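Below you'll find the structure I mean.
Note that the chains are named A, B and C in the order they appear, and that numbering of residues resets to 1 at the start of each chain.
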Amino acid sequence: MQDLLRRYGFGLTLAMCLLVAFWLVMLVIVPNITLFEQSFRPYLPVTEVGGPKDVYSFNNYMKVFDGDVERSFLGFTFHIPVHVYTFGLTIFYSMVTTVICFVMAYPLAYFMAKIVNPKSLPTLILLLFIPLWVSEVLRAFAWWIILAFKGPLNALLLGVGLIEDPIRWTNMGYTGVVVGLVYTYVLFMLFPIYNAIQSLDTNQIEAAEDLGAPWWKIHWRIVLPHSKPGIASGSVMVFMLSAGSLLVPSILGSTTSQWFTQTIDQWFKDALDWNTASAYAFLLLLLCTVFVTVAMWLFKVKLSDIAK
Amino acid sequence: MHNLRLNLARIYMVLFIIYLLAPLVVMSGAAFNDSKLPSIVPWKGFTTMWFSEMIADQRMMVAFANTLWVAAAVALISVIVGTASAILINSVSGKVRTALYGMMISTILIPGVVIGISTMILWTKMGNALGTEFFLFNPGLHLSVLGQVSYIAAMVMLLVLARLQSFDAGLEEAALDLGASHTQVMRRILLPHLYPAIGAGAAVAFFQSIENFNVTQFTRGGADTLTVYVFSKVRSGITPTINALAFLLILVTLVLAVIYELNRRRRARIEAAREAEARRAEAAEL
Amino acid sequence: MSAGIDLENVCCDFGTFRAVDNANVSIRPGEFFSFLGPSGCGKTTILRMVSGFIEPTQGVIRIGGEDVRGKRPNQRPTALIFQNLALFPLMPIWENISFGLEVRGVDKATRRKKAEDLLKLVDLPGAADKMVSQLSGGQKQRVAIARALAVEPQVMLLDEPLSALDLKLRQHMRAELRAIQKRTGVTFIYITHDQGEALAMSDRVGVMSQGRIQQIADPREIYNNPVNGFVAGFVGENNVFEGTLGTVAGGMAGFDTAEGPFRARISAEAAGKPVKLYVRPEHTLLSATPGHENSLPVTVTEVSFEGAFISVHAQTEKGKILVAEIRNDGQATVPAMGAKLYALFAPDRAALLPDANVRA
């Protein structure tokens, strides 16, 4: 604070503090507190808001446990509340997406950071950035075209003789969703890992090579540990974006796929029950945060590493 | 063996780029296919009619205009807020910095659904409490702007903060010492240094706003943005007008990318020439 | 226009650390004054207090007789040249130089003219439209000086501005700086840890250690008559003897050491304190015959030919190594290794000095 005043004087410091306060207080903290408060109130007709029925309760949260469905998994049959089931699958497929993104991005990140001629790197990065500038809805739409029953993917596979009958890609559970999410978010994995590997001293790799380490060992013992913060931030980004995505599951989802954000959307837009939507949204935020925190603890990554 | 791996890596890179770009090519191609369904197979002949239909689509044009002003507003506010935050964060330290920084960064990770609903609830509740019909407190795109700023400002902040790391605070002192006021230091010394990052931040904010769906979906009231409109089109009856739109957007992106790249190369050349001159002067001195 | 600077009992604390302790100095208008000391001795803090970036915890700073406490850097008639020069990389040279005028609202044509005049003054004509990255280290130095001069400061403050340059260029720039100072008549306060720089350029030097000013004097006095062991050691080499002080009379005193009794100069202030004996290597002579006082037998153990002089290491009977420097006048005889000689020094060339003046 002293430093701020000394460097920028009273007026500018005040202006900057006010701007930051406007952002964090009015756009982040207060809305979230309101959301939290609202989530404990019942959904009432306008005339009854503030009336005797308008009391705090956990009812909105309890709705998560309504409506059992029967599912079988690995031969076991069990009953599970439909929204809990949706949430579980959302988390699961977000993880699948994260892992696929990592597997796809890591080799390229390494290649870009350590092997590509540094002169052609900016051009390469620019090329990789192009899809990022094209909006998410169009990217999902592109895959909607590609995966269509009579679409180019089936045409290609039929053409080269890999399959005999066209496949209904968008009717295979979460396949379409995961394909779309991976395509949409893989770059959010690529760039953090690239940045992390780039900061690794190439001499370390060469020293390991010189000492006779095989390539997989170099990666396992040197490159991977060094890029852990990058992998962590990439994974957190991809996971949170996937779990919070509404577009991709809505466009590429099948009749049997339901994403938790879609459930929230239905409460909000179809049932017009904003309070239950708030409760669900808060649950999404809370549980994703808890999940990410636990995952980071398991992998021994600190938040400060991610913030780099 | 080493060469084999190198070649595999090159092939992988090319495949990756194809993977990233092919869907865009397919989507653009479908804009020219004379078929009622957006696809490139079967190819039914070349047409530009989807472009004329697109221009005739009043709703899309309105959505497009909405998108532009929302994006411009988001970019403007995010740049101001994000830059101020970066400068502020850069000169505080210790626990305050950790707390502020953590809060700012976390906005990027908050699911858009949460931001959308919370923004909507706060402002409409405030309107109810105040008993006013003032537009600010009704659902609408202005709420989308506020919701989007809440996390896009953090992206601008990160870009500007990264640029600030390379700023020599001694320049501020030098300017102060030469008699500049704090405002003059900001305008003549600090901001010019930050302009590249602020420009990049504005571009990122603009494009992030254009592609935003989650926040907009929950706050927009009845108004459309391009993303929302495309989404509703994809869900209902699609015509390749969307492809025509996508093609144009990709084209604009490409042109901007090429301009950026050429500009970057030109600057690199100029800077290299200057450094060479400095080295020559250095050699001449000794 | 130039102004004098007075520091009266100035202290500066950073938390519990006292960076500057009770500094008193009066710098005359038009003087070239250097603060010399190792890093962390507080010299940069003094500079930043004069320029206004730091406020003293205690004491008064006057510039041209006027108390400047509470005045911000942009309100003081000083111009600072930073260690890394702090040239504005995004402005062409002429805008850099005229920045101080720009912020005072001077019109563009006047500023341009002034910038070109100053570029001539610092011997860099024709560089007005270049960018900072096009200049060599020495040229940047000149631009920094021109930029500081543009605001017509009464005092120039220089924070080790030559430290980034090559040795040869540094020596050239010393003369240049000195010449510019004489031409403009502005008071220069110069900060350095390089004693050669300070002695060569300054009218007067203030030697600092651990936040305290140890001695203020002209370069010759600093070198020849250091007030304590720290100053003697910082501005040159010494042969040092520990021992006990004998009788003091007429500015001279006897001193008993393990190597035998010596006689040397002592100042009135030093007389009451624990002292050591300091002799410079160039005042340590080697002779085949013993002298009648301050003389001890030695064996030559190392001879190194340094060009302008010859440095000889000689061991006393007790095992102490003394260093003697013989000026190479082209005929000087170089002692042979293992030669048995006598080391001598004149009593008025040796000094009994207390340790550095530090806080208890």
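Definition applied: a contact is a pair of C-beta atoms (placed from the backbone, for glycine too) under 8 Å apart; a residue touches a chain by one contact, two chains touch by 3 or more.
Everything numeric here is computed off the predicted structure, so don't read it as measured data.
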Checklist entry - If we look at chain A and chain C, which chains touch each of them? => result B
Checklist outcome for this item: Using only protein Cα atoms, the chain sitting most centrally is B
Item to check | Separation of chain A from chain C, taking each centre as the mean of its C-alpha atoms, in whole Å | outcome: 61
Next on the checklist: Using Cα averages as centroids, what's the distance between chain A and chain B in whole Å?
Outcome noted: 18
Next on the checklist: Centroid of chain B to centroid of chain C, CA atoms only: how many Å?
Outcome noted: 55
Item to check | Residues of chain C engaged with two or more neighbouring chains | outcome: 53
Item to check | Per-residue multi-chain contacts in chain B, two or more chains | outcome: 181
Item to check | chain B residues within the chain C interface of the complex | outcome: 168, 170-171, 173-181, 184, 188-189, 192-193, 271, 274-275, 277-279, 281-282, 284-286
Next on the checklist: Touching residues of chain C toward chain B in the complex: what are they?
Outcome noted: 51-53, 72-75, 78-80, 82, 84, 86-88, 90, 99-100, 102-104, 131, 133-139, 147-148, 150-151, 166, 168-169
Item to check | In the complex with chain B, residue positions of chain A that touch it | outcome: 1, 3-4, 7-9, 11-12, 15-17, 19-20, 22-24, 27-28, 30-32, 34-35, 38, 104, 107-108, 111-112, 115-116, 122-124, 126-131, 133-146, 148, 150-152, 155, 183, 187, 215, 236-237, 240, 243-247, 250-251, 261, 264-265, 268-269, 274, 277-278, 281-282, 284-285, 288, 292, 303-304, 307
Checklist outcome for this item: The answer for chain B against chain A in the complex is residues 5-6, 9, 12-13, 16-17, 19-21, 23-24, 26-27, 30, 37-41, 80-81, 84-85, 87-88, 91-93, 96, 98, 100-105, 107-115, 117-122, 125, 146-147, 149-150, 153, 169, 172, 181-183, 185-186, 207, 210-211, 213-214, 217-218, 226-227, 230-231, 234-235, 242-243, 246, 249-250, 253-254, 256-257, 260-261, 264
